[in-house]
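First subunit A sits with subunit B, and in the next complex the same chain sits with subunit C.
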Partner chain A sequence: MQNQATMQPPALAAPANGKPAGVAAAVTTTLDPKLIAPFVSSIRAVFSTMVGVETTVQRPYLKNDETHSFAVSSIIGFSGQVVGSVTLSFQEETAKKLVAKFAGAELGIHDPDFADAVGELANMVAGAAKKDLGGTASITVPSVVIGSGHNIARLRDVPCVVVPCTSPLGDFTVEVSIKRV
Partner chain B sequence: MKILLVDDSKTMRNIQKKTLERLGTVEFVEAGDGLEALTAIAAHPGIDLMLVDWNMPNMDGHTLVCRVREKDKTTPIIMCTTEAEKTRVIDALKAGVNNYIVKPFTPDAMSDKVQQTLAKAKGAVAAAA
Partner chain C sequence: MQNQATMQPPALAAPANGKPAGVAAAVTTTLDPKLIAPFVSSIRAVFSTMVGVETTVQRPYLKNDETHSFAVSSIIGFSGQVVGSVTLSFQEETAKKLVAKFAGAELGIHDPDFADAVGELANMVAGAAKKDLGGTASITVPSVVIGSGHNIARLRDVPCVVVPCTSPLGDFTVEVSIKRV
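So, the complex of A and B:
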């Protein structure tokens, strides 16, 4: 991403639901893009260093609906001067491939070690970003949800930004829903 | 050498083990949180090094380090965590850790930190003798 290369906060794309740009512009006035850039960096660092997979981060966009079409999600909560949550979400096959690479073993999605691995990926993405968010914050231990058809409930007054990611092992998303208090 | 790995993620402990096995013959003791670690320390005397995560359920790593240092001032402890803010590093050093490694880490970075920490601890023991 050009913005990432110049270390500027990433520009947000218009929402994928086709709403006019004017709507996206109104919403972005309440969202600080500087909260997103640290996650763009941490995603690339974590997947490259710990999983050995180069990840390309696509243009983030505001999420305007609550649908969630993934089979595996790992959620980290934030508290303190930054509140909200960050969710890594994958389709089943992508999750299995990334976990196999990370953990060094093929694991079924119902194996407890599978959830552990997914949780640790989210922990590192959130943790590595935290230091660049400004202010002091704490992160929770991860929660992992497995099974398609799940939705993620978030703080109602906090915008959710979807950071789409592509890798040789499949696509996934990181949903960042945090604000400074 | 006996190393205590304290991290609530089994995946992370396995990665640490794989990396540290390159140091030679190592016996690993594992704990999923600070409370388990205190039990493990009592059950396994002669631990040469502790690798401690920060964010864990039941008892976090910082609290564990404080508790360990109440009685043991010498066993080397490395904090291995996602917590990278300067204030956190300072807090950990004040609590008594000897070194600090931030996740994500490369195997070489982990290995170097461990060897550096052990060498320094060995030098301190030699100087005290």
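So, the complex of A and C:
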């Protein structure tokens, strides 16, 4: 069984430490850093170009607990030679501010336009990253989860890396849970 | 713009009425019933065979609000000639009972085995339905959402049909939000 973390955050000078505390041995913790770098680039590009907000990507880390919870998540699935999902997660106020800037209108979180806008953000991040992942992969349309206090559970056989992002409109998180097959 | 509901629930004798009350005109409400029948069959088969629970599928209806919320959801994405997602959603107690019966052990909702079990249920339902959908489609690994009071938002350009299911261990919901491309 693989239980040694080999991820090295591609966007940061410091290498990942070998084995984050608290990772259950049974949960997959091996990740190809080449699978994370495209998302770091696409997050910055999409939020800068499409939303008009400069984001700073903090050091990615292996998700090892379920304590973080969010009010809005937008999930894009991958299938083909890369499988898994990427999820953009926000607290409510941050999501509303980012959507207002992106869509040009203030929307409530239960407005269908709100879900479409949040879904489109995830679609652009995943779509821009996909072409740099290597191999062929298809991405799904987004699934948007609304409800304060939810989280996306890890699965045993797909590693999950949390990419923390900060922006002037609030912080958010991108969880990249993919692997090559 | 399509705003006439043409869905006819395949599992029930009574035809669907033409246009459910409360469906916003801007939300896609046209659905090919051939996309729902495979899920009705696969839900019954998977829960009967793999969980050992006989489910009754109630009349499917077009999702027209976001008022239902759940504690556990398992989402499988589709890409290829069929795009969208299918989501199994449960209240906490029902999910725990079904997982206990399926996995043979009582698990808390934050146990990684719990997410894997709920994910596998959705994977089997989607996988069994896929082969009867026609065309070629890929399905993703599951994304499992944990957190009471969440719902999966509708997207404007993919219709969403709610398939209500009852079982001796509790009721649950399958939301089928797919279209042919």
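Everything below uses one rule, namely that the second predicted complex is superposed on the first by the 148 of 181 C-alpha atoms of A that agree within 3 Å, B and C clash if a C-alpha of one lies under 4 Å from a C-alpha of the other, contacts with A are read in each partner's own complex, and residues count from 1 in each chain.
Throughout what follows, contacts are C-beta pairs under 8 Å (C-beta built on N, C-alpha and C of every residue); 3 or more make two chains touch, one makes a residue touch a chain.
If you're wondering where the values come from, they're calculated on a predicted model, not measured in any experiment.
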Partner chain(s) touched by A:T173 [first = subunit B, second = subunit C, both, neither]: neither
Contacts of A:T136 with subunit B and subunit C, given as first, second, both or neither: first
Which superposed partner A:S89 touches (first subunit B, second subunit C, both, neither): neither
Which of subunit B and subunit C A:G119 touches, first, second, both or neither: both
Which superposed partner A:S69 touches (first subunit B, second subunit C, both, neither): second
Which superposed partner A:A128 touches (first subunit B, second subunit C, both, neither): first
Comparing the two partners subunit B and subunit C, which touches a greater set of residues in subunit A: C
Which superposed partner A:G149 touches (first subunit B, second subunit C, both, neither): second
Partner chain(s) touched by A:V158 [first = subunit B, second = subunit C, both, neither]: second
Subunit A positions touched by subunit B in one structure and by subunit C in the second: 113, 116, 119, 138-141
Subunit C - residues contacting subunit A, complex: 24, 26-27, 66, 69, 73, 75-80, 83-85, 87, 110, 112-116, 119, 138-158, 177
Subunit B residues touching subunit A - in the complex, by the definition given at the top: 8-12, 14-15, 18, 55-57, 81-85, 87, 102-106
Complex contacts: residues of subunit A adjacent to subunit B: 45-46, 49-50, 102-104, 113, 116-117, 119-120, 123-124, 126-128, 130-131, 136, 138-141
